[in-house]
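Each structure below is given as structure tokens.
There are two complexes below, and they share chain A, which is joined by chain B in the first and by chain C in the second.
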Partner chain A sequence: MREARLWLIAIPILLWTLLPIYHIFLFSISTKDSAFSGALWPAKPTLHNFGTVFRQEHFYLHDFWHQIWNSVWIACATGVLTLVVATTAAFAISRLKVKGGRVVMNAALFTYFIPAAFLAVPMYKAMGTYGLLNNRWSLVLAMVTLASPYAIWVLKQASDRLPWELDEAARIDGATPLQLFHLVYLPLMMPSLVAIGTYALLLAWNEYLYAFLLLSNNIPLAVGLGHFLASDDSPWELLMATALIYAVPPAAIYYAFRRYMVGGLTAGAVKT
Partner chain B sequence: MATVAFREVHKSFGATKVLHGISLDIAEGEFVVLVGPSGCGKSTLLRMLAGLEDIGGGQIAIDGRVVNDVDSKDRDIAMVFQSYALYPHMTVRDNMGFSLKLRKEKQNLIDQRVANAAKILNLEPYLARYPRELSGGQRQRVAMGRAIVRDPKVFLFDEPLSNLDAKLRVAMRAEIKALHQRLKTTTVYVTHDQIEAMTMADRIAVMRDGRIEQLGEPLELYDRPANLFVAQFIGSPAMNVFDGTIRNGSVEALGSRWPTAVRGAEGQQVKYGVRPEHLEPAASGIAAQIIVVEPMGAETELVVKIADATLTVMTRGRSSAGPGERIFLAPQASHAHLFDAATGLRIQPP
Partner chain C sequence: MFLRLLMAAALCAAFTAPVAAQETLVVYWTKGFYPQEDKALDDMVAKFEKKTGVKVELSRYSPQESVPKAVAALDSGSPPDVAYGDVFDFQVAGKWASEGRLEDLSDILTPMKGNFLPNTLETTYLRNDKTGKRAYYAFPTKRQTMHIQYWKDMLQEAGYKEADLPKTWKAYWDFWCDKAQAGYRKKTGKRIYSVGSPMGVDSSDSFFSYLTFMDAYNVKLVDDNGKLLVDRPEVKKGLVASMHDYVDTIGRGCTPPSAINWKDPDNNVNFHNKQIMMTHNATISIASKWLDDSNNDKLTAEQRAEAKKNYYELIATGAFPNKPDGKTMQYRSAVKVGVIFAQAKNKKRGKEFVQFMLQDENLTPYVEGALGRWYPVTKAGVAREFWTNDPHRKIVHEQFSAGTVTFEFTKNYKFTILNNENVWAKAMNRVAAEKWPVEKAVDEMIARIKQVAG
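For the complex of A and B:
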């Protein structure tokens, strides 16, 4: 009975979530003429659109490979940089008990009270001041700024759960704080690090607003997709095929690390 | 091997004073146990010796060198923790060799030391395993192995057996003692278990509320406890203690006359203490009623009632007596302990 009720909720939610994705898929395997036919399955399904995208055979797709490379570069750099910032911060706050560490963490979390969209313009101004506009680093730095407070918080919670005696044992064994960090702390934090790295990576991969504002021609694919809508006669089937391709890496990453995602992100949720 | 000296060591956490000037000298190769109830400051004292806790006042010296401002790693000590504190991501071999690796020792020296320690502790078959693949006793041995490979001046043990079940605890107790006899390294061992203290120590320091109540060899503490606290803390089952008054060379208590070798002032209020094994049943003496009989095979524990006090009696062998029966107890003057009722201090017989 309980299960039946659960299904009653789950099925509509599943349909609601999958319907747009099905729509993307449907468009991407339709020809230009049949894309808006309204049929649930195209008369002549084709993979031709994907070929067009990969060969960059359309005005909007001339920079496809360059843009996807930008997306990969920005996402990876954001992931790595967020990890560096958050791991060292969490280690300092949680294990070295640096004075004022908690204040710093809470102040960082406080920035989430201001919606990211409000910060976009000041961020644009700041990047302009440092001459970083239209440089991929500007987006990376912006994304790291947005991802770090949450990342620090999650990693701090996770590292609070490591037994304190391990640090003491390592100190007696002769470890310096730096040795403690890379020989004991990092290996034990690995699941949380994977989760947080993935989180930051996907955050940057999916970002549109900041990418649109900060970069003008060195753009990632997310912004490139937006350009499709610049004309009245948009090639919807190509847009959807590109979108589908763009959605594959995050789905694959999430699938590969799903074990860490659930475990790692909820690890710090409650004190046990 | 080294000496360890505590001189007027103080410690406070905020406004709470946890150690009130502890002085204690430990000789080379000695096995000293700090024992006391939780919160008595024994672990804090050990952690201060380890360098894990700042020294509030006074001095701690290892081998004559004051170490107040010396880092843990430079004190040449090794510590075994209650929770083992093994590195979960390292094999037994790596756990044991970690300190040597940090000291940048040569790999063949590390291998040799680890192999040697593994042999002593019967850990050879487990060197490639991870801590999670070991039983509690094996983990404890790895923790000891990690201490041994360093060949430190002093071993520190912080309640190392508390996480083990009763049977394993007895076995590990013997192993630690055998290890000490073999290596003869100066050892400071903290426990709340007085049996561990009695069985392992060369000398015991009984602590309470940040002070050492008595320092001495195990049987000295057992036979001549300096005060009521030590008397009741050391020994299991605990010493029977009840109020009495000195009259005509013996103690009047629980409606009977109890013998004593102490010649106190007539009418002096005292606490009379007698250990359960010194209250053997006899043909005549002080009458008592049996409440509970607890046979343990080699000996039998009787819980008896005299007036309105409950006492424990330990008899050798087996007892045919049952609950409700009356028996007679004949304590001897030489086995009686007298304490001042007001101060709790031992009143020495002449």
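For the complex of A and C:
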């Protein structure tokens, strides 16, 4: 009985979640004429739209590969840089117990009280001052700023769970803090690092507002998709095919690392 | 140590690489509807770069994105040197001028005054409330007005021909609603609608369309000084009558019920899918789409042939019927404008760029690249055969040639706020969705107009 009730809730939620994805898929395999036919399945399903996207054959897709490369570059750089910032910060706060570490962590978390959208214009101004506007680094730095507090918090909590005796043993053997970091800390933290790297990467991959504001020519694909709405006669089937292609890498990354994701992001969430 | 030095050098290179010695001009522009439009702009930019040695950093945005992008740049103190947006005239140019954010372009536009057609350059003569002076604070590029598009084959299937379309106001709308729709439904059994009247609040088509209905009733909301006239009884009467006519078709089941939620693309989509027989649209984009498809070598030969047939044989561009008083319509036209911000870093080159682009040899390919969606602002532009050798563009040309009137916001910029809010579509929704009496909805609309623009 309990299980039946759960299914009653689960099925509508599942449908609600999958329906937009189904629509994206449906449009992407439809011809232009049949995209709006309202049919549950196109009469003549086609992969032609994907070919058009990959070959950059439509006016809105002339920069597809350049834009997707920008997305990859920005997401990877954000992932790597966030890991560098968050790992070193968490190590210093949790393992080296540096003075003021707790304050730094609380201050970082405090930034989440301000919605990211409110920081967009100040960030734009800051990047303008540094001469970084329309430079991919501006978006990477902005994304690292947004991702780091949470990353530091998660890694610090995970790091607190590591046995302190390991550090002591390494120190007795003469390990320097850098060796401790490199040889003891990083290998033990690997699941959390994968989770946080993936989190930062996906955050940057899906970002629209900051990318739209900070970049003008070197835009990632998320912003490039906005060009499809430049016309009052948008090629929806191509937009949806592009959107589907754009959704594949994050989905693949998520599923590849999903065993790390839950464990890594919740590590240290419960004190044992 | 070496590794650290290498990393430091790489970081320095990464951060300083974009800084170059060459003079640059930052230009924001709206992305074109068709490749030809973008190509014409690219060619013009290349010519300008060659002529001046200045590197133009050109970025393109969709019409909806162009305002937020410019506003963010402006608020952060790093505006582009030149900015153009398809919706600047509707939404921000008057406001920016009033706030003193725009550069006075009179020195470059006044000498060119003779090149422009009436009611084009004048719309950029805006008031700066900080200095109290009026000047050319924007530059005109192209314009648009309201057209009617209908499927000739659907009309034929309904048992009528084009010559059967009445010329008088009431008979015209009744014809589509009572005869064409009923005839088509009876013949085909398909539950289509005859009139695609956009009514969505999030749509510029809806207010452009309604304001055209308002013009049909000779309603003037402001005088030449921008003073509100909405308290005049004849204005209220005209607003009620035009609102009644506009929402009448949805009340009679001749406009799709979803029209109250339509955004700008939706009447196009419904038309292309033959869910509606006719629609009014603020450009001839519906027909032009087929012209573009007919020349698209990425489509199959059959698709191109079908597109050609749609453009030349099956779709018609028409004018509005005569006004309720029997006189011919004079259409309101929206003049699309660009600006140079007062805070821009390279205003001198920005002005040079604007001056360069407004030369006919540069402006004309750009305007014509839109396949008739946009109409020229210059005398030389409209004199070209391009506007008379095509069945759709010919109608556009005739509509504009009869003379145009301007939007209220060119006289009182606060109407841009009313357009952004879309008080017009809100009133339509009151009647169509909430079943308010037309008079009550118009009263609410007038109250809001007075509150904002009074």
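Here is the rule we go by: the second predicted complex is superposed on the first by the 272 of 272 C-alpha atoms of A that agree within 3 Å, B and C clash if a C-alpha of one lies under 4 Å from a C-alpha of the other, contacts with A are read in each partner's own complex, and residues count from 1 in each chain.
In the analysis below, a contact is a pair of C-beta atoms (placed from the backbone, for glycine too) under 8 Å apart; a residue touches a chain by one contact, two chains touch by 3 or more.
Just so it is clear, the model here is predicted, and its values are computed rather than measured.
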For A:A175, is the partner it touches chain B (first), chain C (second), both, or none of the two (neither)? first
State whether A:P187 touches chain B only (first), chain C only (second), both chains, or neither. first
Just chain B (first), just chain C (second), both, or neither: which does A:N135 touch? second
Who does A:S234 touch here: chain B (first), chain C (second), both, or neither? second
Broader residue contact with chain A after superposition on the shared chain, chain B or chain C: C
Check the residue A:P115 against both partner chains and state whether it touches chain B (first), chain C (second), both, or neither. neither
Contact-wise, after the overlay, does A:G100 reach chain B, chain C, both or neither (first, second, both, neither)? neither
Per the contact definition in the header, classify A:G226: touching chain B only (first), chain C only (second), both, or neither. second
First, second, both or neither for A:F212, with chain B first and chain C second: second
Touching both chain C and chain B, counted on chain A across the two superposed complexes: none
Give the list of chain B residues in touch with chain A in this complex. 50-52, 71-73, 77-79, 81-83, 85-89, 98-99, 102-103, 146, 150
State the interface residues of chain A toward chain B in the complex, per the touch definition above. 163, 165-166, 168-175, 179, 183-184, 187-188
So, in the complex, the side of chain A touching chain C is made of residues 36-37, 52, 57-59, 120-122, 124-125, 128, 130-135, 137, 212-213, 216-217, 226-234
Touching chain A in the complex, chain C uses residues 14-15, 18-19, 26, 28, 30-35, 38, 57-65, 68-69, 72-73, 75-78, 205, 264-265, 268-269, 272-273, 283, 285-286, 289, 298
